[in-house]
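What follows are several structures.
Okay, so subunit A shows up in both of these, paired with subunit B first and subunit C after.
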Partner chain A sequence: MSSGKMSNGGLKTPKADPAPRRMPSATPPAKTNGAPAPSAERAHASYRYFLCPASKSSAPNGAGGDASLERPASSLTEVVAAIGRCHGGAEPSVKRLAGYDRIEICATSLPGVAPTAGRKPRYAFVVDPLGTSDGRGVGSDHAPWPDVDTALAGIRKLSEQGALTLAPGEHLRLSVREVFSATPVDRRKRLKERVAQTIFLAMTVALVVPLVVILTHLVAKAWPVLTPSFVFENPKNNMTAGGVWAPLIGTFYLVFISLAVAAPIGILAGVYLNEYARDNWFTRIVNLAVVNLAGVPSIVHALFGVGAFVMFAGMGESVLAASCTLAVMTLPVIISSTKEALASVPMSFREACWNMGASRWQTIRTIVLPNSISGILTGVILQVSRAAGETAPILFTGAAYFVNVPNKGLGYFFPYALDKSCMALSYHLHVVLTQVKGASPAQIAAGTGIPLEQLQYGTAVVLIGLVLAVNSVSIGLRMYLRSHKKW
Partner chain B sequence: MGAVGIDIERLTVHYDGKTALRDVSLTIPPNQIFGIIGPANSGKTTLLKCINRTVDFVPSARVEGLVRVGGQDVRQMSNVFELRRRIGMVFPLPVGLPLTVYDNVAYGPRMAGVRNRGELDGLVEKCLRQAALWDEVKDRLNLLGTKLSGGQQQRLTLARALSLRPDILCLDEFSIAVDPVTTMKIEEVLLELREHMTIVLVTNLVQQARRLAQSTAFLNDSRLVEVGETKQMFTKPAQQMTYDYVTGNIG
Partner chain C sequence: MSASPLQPDQTKRSLGGWLRAQLGQSRGLGELAIESLIRLCGYSAILFVFGIFFFVFREGAPMLFGGLNLAEFFGSTDWNPVGDPPRYGILALLAGTMSVTILSMAIAVPLGLGAAIYVSEFSSPRLKEFLKITIEMLAAIPSIVWGFIAYMMLNPLIIEWTGAPIGLNVLNAGIILALMSVPVIVSVGEDALKAVPDSYREAALALGAGRWEVVYRVLFPAAKSGLLAAVLLGVGRAIGETMAVLMATGHATQVPHSLLDRTQTLTATIAAELGETVQGDDHYRVLFVIGILLFVIAFAVNLTADLVVKGVRGKQNV
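So, the complex of A and B:
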């Protein structure tokens, strides 16, 4: 059907696509992951043909229009014929289309007036020479047409069926796909990937922001009092001067005694539950109790402590009672973290030992515990920071408003008796926030008092510093032991 | 203690509603290599676990029937650890314990109370030699067993199984993770070991059973299909299914 007389088709615009619109994010060659990036070597051709339903006159002989802007075709069939003369067939003279090339059929209301078309085509069809639709293509992404001739026949057929109507300003796009070119599915996938990553990153940043803000705020407010003497001096002059040594030591007392109680019980119970217990109703009830106990609010633990330790066990408000209350609070978490750590030791190790005639206890002692101790310790240490930070459980069980403690000698380091109440950092913070009046301006001016606000922030910084330090030790320990993991 | 035989009578094992072994009766004579072949899930491993009673560690398992090792009912034995010490086990996936190579091999004897360093040294070397591993690890006995390659770990497992000088050695598809050359070396060792112990060889490689075993049992779908002399099993078995399996027509 083509002949030598053929005009060379519409607007000759084999122009380089400035920003390859067809593949918005896909083209940068560095990102194609090994796939060839033809777009970088070859300019894409984009051919535009025009359709003007109101311009019968511009195509005088009915069949000869070239569908250029000046002489637009009057029907889609004519445009298709013009395109076929230009790009179709096997003639060497015709302009072959290659990857990323495209043809656009634009509808316009007046000949010679380029429509201000939107970027998004009304219809989009795809030609894929390597497509797998076996000639049954319909031009879609998933079933592309195999070549331009088939595509043109398909478009003509669709337009004859009345399925294609282009209003002025709209256009139809026929694009040629290349090997490894991104399909719309790929592009959507990439977009979603990017959105997901951004959201996750944003949430991570949002997580860090409060911590950073709190820390900076606290440290900035407390800066003037943050000297070694603030940490190592006892509070004095009705808490208008001095430091936080006595409450700090009290917190150490509470934490160590509570862990001395909770860690052995928790670890051994965890070992039993994970290594010995069979799956029966008793084990299930214990496990359920552990989970629920971990969720009990700390103020409820406080009431339990008052009833059980202060009153029933006769400990009175004392270091011991407060420590036991904290121990009850930390116990369930120690049990769960121990169980988890033990469960991370592969079952096959145990079976290998049993097969050699080792008893359960021998297996636990030689293989299971040495390889889970890092996880167990991490769980315990994390409970240190929890015990150090909680106020409620010690409030009624053994925390004192003020204890007059020695300023030197052994009593400086061990100021409290176990059956008497003690000061604690978390409760001390509560006290300086709500109970004390603070130093008078005269005292501050004389240098014998610390402004109340600085005292408050200073105490908070020491408390949060203690917690962070303990957590860092835990993280460091975990990292160290992980790097020495034995399998 | 010399090699002992194993008698299995009407052994049935259920796991949580699934039957792993159904009414299996077998006699494994002493000083033999006894091959057990059969497709996956046919109950071969469960059979081994019943012999050394590690099936006890599977909470859902229900065992019926009798297993006698050296004439004694294993379920009546009060000292199950002694039973397990006398039965060396090698399972398909290599398990290097997170200990040094030396400690891996010395683990069993130590758990059994051997403390003498000289005795342990000799034992470790002997077992590693038997497992065809000594030449590769003799200079790095302090390396972690888990850092060895898969094939080496499997031979380490074998050395560990031999470390207690067992009367019975159960091998459950030991050659899966081992290269063919090493497999041949180990097979030679097995033929030597036969003089001192009874060897139960569970294998997926039908030809391995043919090479090594004097008698072979064929399990399929948790039932014992046939048991007999290896030569007969591979040439003119009584059951059509056995013939199909050993000739490769099924499975």
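So, the complex of A and C:
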């Protein structure tokens, strides 16, 4: 054994290795190889065995150590035997080696003091289970050993020939290389991928969670008041009792009239932009106008409504003025969703129709519109929910604080005149939130009043329920369409 | 439908011949009428944009060109329209709008773009469908309900967390506005990412890039303009929002110095004060002048977003 002849002279005092070390002694190595661990890559070696030529005397029971740092082996043969116990054989007793695992045999000058890691190994050998060098392997890159046992035998043979001498501080590296296994670079990349994906997922969850929290909180708080009578009764006793029927009907009025105005104009405008308009500067301006109309703040729509419909057109604060304001507001989105729906009809449909001698409008009427009507409808329905929820545009154009409406008969269903203002659910929520005093404890006890908070939550839930229900119809229609696409 | 073929020479010869051709063909007068109607509707968008500007301007103009000291209007933080003499300085309101918008964007832009990237690049088709629906639902919540949430839910939470005396402040409005503008950012951002050709992704993946590297080194540069447009549209939404900020900001005309200061925005001022004014008086007209300002800001933001998208698309075509 050559290691005995080494001198310790000229060695710097080895520094303690900060990297985690794995001892192949009685306890199995800590490393599990399934998941890439960044610390393992920094430690350079998956497993380290230690060799201390001078340790014979310090070994507790005279025999050599088990090649752990505290009890280093005294000769390379012992280390090889220890490695064989841990990793060798057909059924590795401690740890199977996988791609890019490395075993290092480090020579140290003192037991318990690891040499600095990271230096280039004095000797480097390679085990490649898929290598093609058969039995002729010599452990080099080009002729790797086929398995750990062969490698250990080879190392033992070399050391017996005196070809391997490790001075303290030097080390021998045995790398296992599997062709298709992840390299450290791969592992680092995969880790980065996973971290990035987790961060993005967290960002997405940060959007989903508030929605769920808000909805459950609203429903939970409003639960006691959510009865059919709350929806179907008119507000009464200075809005301290009753339900939201009158505002709900008012919202239906506004939505229905605004869509009756906006949908035809919007759909025809979409038809124009997709079917008639040439690609010139004028069309670009029209498109720009649509985009900008969509971006106008809702309160500016309200001012426009006041200026144009309430004042100029002389409608006064009325259902009509509020509906027209809402119509202008919903118009751009109807235009762009119609355009999109029309654009999804393949050009070949139109060409086939033109070839039959049909005119442009005939083609649109018989081919393009029937094939895109559901897509158009999706956009229009979506605007129903938008119009139902908007408050600012109707604030000064036709929403009333309170309207005394009939509680039965036809007036129960059609309580508003078009030239008078009406209640609306969204504005009603604003009112009960900021201006209503709420029922007195006596009233609540007598059953003639609803606690203010319940009234507020109840109104909010009815509004949000209406909006989300309409929205779900739109989404459902879209999904149905997609699954029944004809082309 | 007439089976006779169109005779081009006849259609061009005279007006009578042209009309006869029109009537003889299936393309009758009815069709001419409907086509004119379609064109008219097509032009309506322009009409309405000008209409909005015209009518808001009409109400605001008498004040804008007479009586309103523009230097004071933009330079003073003193907003006291019912004082004697009344003061119309919107600097504090502008500061309120800016602070709320900036805070909301600081929250919404990373979240929105991150979610857009996740939805577009990382999620499975089924999860993608679910997330898109969720975000659509988030977008559908009416602004008054957001105001309600700010008032009833976030307000006590902020008082509890920060110990502030009142929870209606810049922080509250920023969070609410962030949640309101995130859906816009996500959906426009996702569209922008979807518009990047798959061949870009495939080329990068073939070179050994991971998905994150594809996003970072390929999609970001390629979809830069679309993502910027998404952010701008989010900004537009935040600036223009009215009812939610009306209830969330705490309504105090002051320049906020911290997140927990109450403030007031341009939009909320109009919503809160227009009802108290007499039609035609100075205060009423000043509110319309603020409306003009908002219209111009929104126009500028949307125009920029549009140009950003168009400009880069034009460059790519070359």
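One rule holds for everything that comes next: the second predicted complex is superposed on the first by the 282 of 487 C-alpha atoms of A that agree within 3 Å, B and C clash if a C-alpha of one lies under 4 Å from a C-alpha of the other, contacts with A are read in each partner's own complex, and residues count from 1 in each chain.
We take it that a contact is a pair of C-beta atoms (placed from the backbone, for glycine too) under 8 Å apart; a residue touches a chain by one contact, two chains touch by 3 or more.
Computed from a prediction, not measured in an experiment: that's the story for all the values here.
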item	value
Dominant toucher of subunit A (residue count), subunit B or subunit C	C
Partner chain in contact with A:His217 - subunit B first, subunit C second, else both or neither	second
Which of subunit B and subunit C A:Gln362 touches, first, second, both or neither	both
Touching partner for A:Phe396 - first (subunit B), second (subunit C), both, neither	second
Subunit B versus subunit C as contact partner of A:Asn292, first or second or both or neither	second
First, second, both or neither for A:Phe349, with subunit B first and subunit C second	first
A:Val436 touches, of subunit B and subunit C: first, second, both or neither?	neither
Partner chain(s) touched by A:Arg278 [first = subunit B, second = subunit C, both, neither]	first
First, second, both or neither for A:Leu268, with subunit B first and subunit C second	second
Contacts of A:Leu303 with subunit B and subunit C, given as first, second, both or neither	second
Shared subunit A contacts, counted only where both subunit B and subunit C touch the same residue	357-359, 362
Of all residues in subunit A, those that touch subunit C in their complex	189-190, 192-193, 196-197, 199-201, 203-204, 206-208, 210-211, 214, 217, 264-266, 268-269, 271-273, 275-277, 285-286, 288-304, 306-308, 311-312, 328, 331-332, 335, 357-362, 385-386, 388-392, 395-396, 426-427, 429-430, 433-434, 453, 456-457, 460, 463-464, 467-468, 471, 475, 479
Residue numbers on subunit C that touch subunit A, as the complex places them	1, 3, 25-27, 31, 34-35, 37-39, 41-46, 48-49, 51-52, 55-56, 58-59, 110-111, 114-115, 117-119, 122-123, 129, 131, 133-138, 140-145, 147-149, 151-153, 179, 182, 186, 210-213, 215, 233, 236, 239-243, 247, 267, 270-271, 274-275, 279, 287-288, 291, 294-295, 298-299, 301-303, 305-306
Partner subunit A, residues of subunit B touching it in the complex	52, 54, 57, 59, 81-85, 89, 91, 93, 95-99, 107-108, 111-112, 144, 146, 157, 160-161, 163-164
Subunit B partner contacts - residues on subunit A that touch it in the complex	278-279, 348-349, 351-359, 362, 366-367, 370-371, 486-487
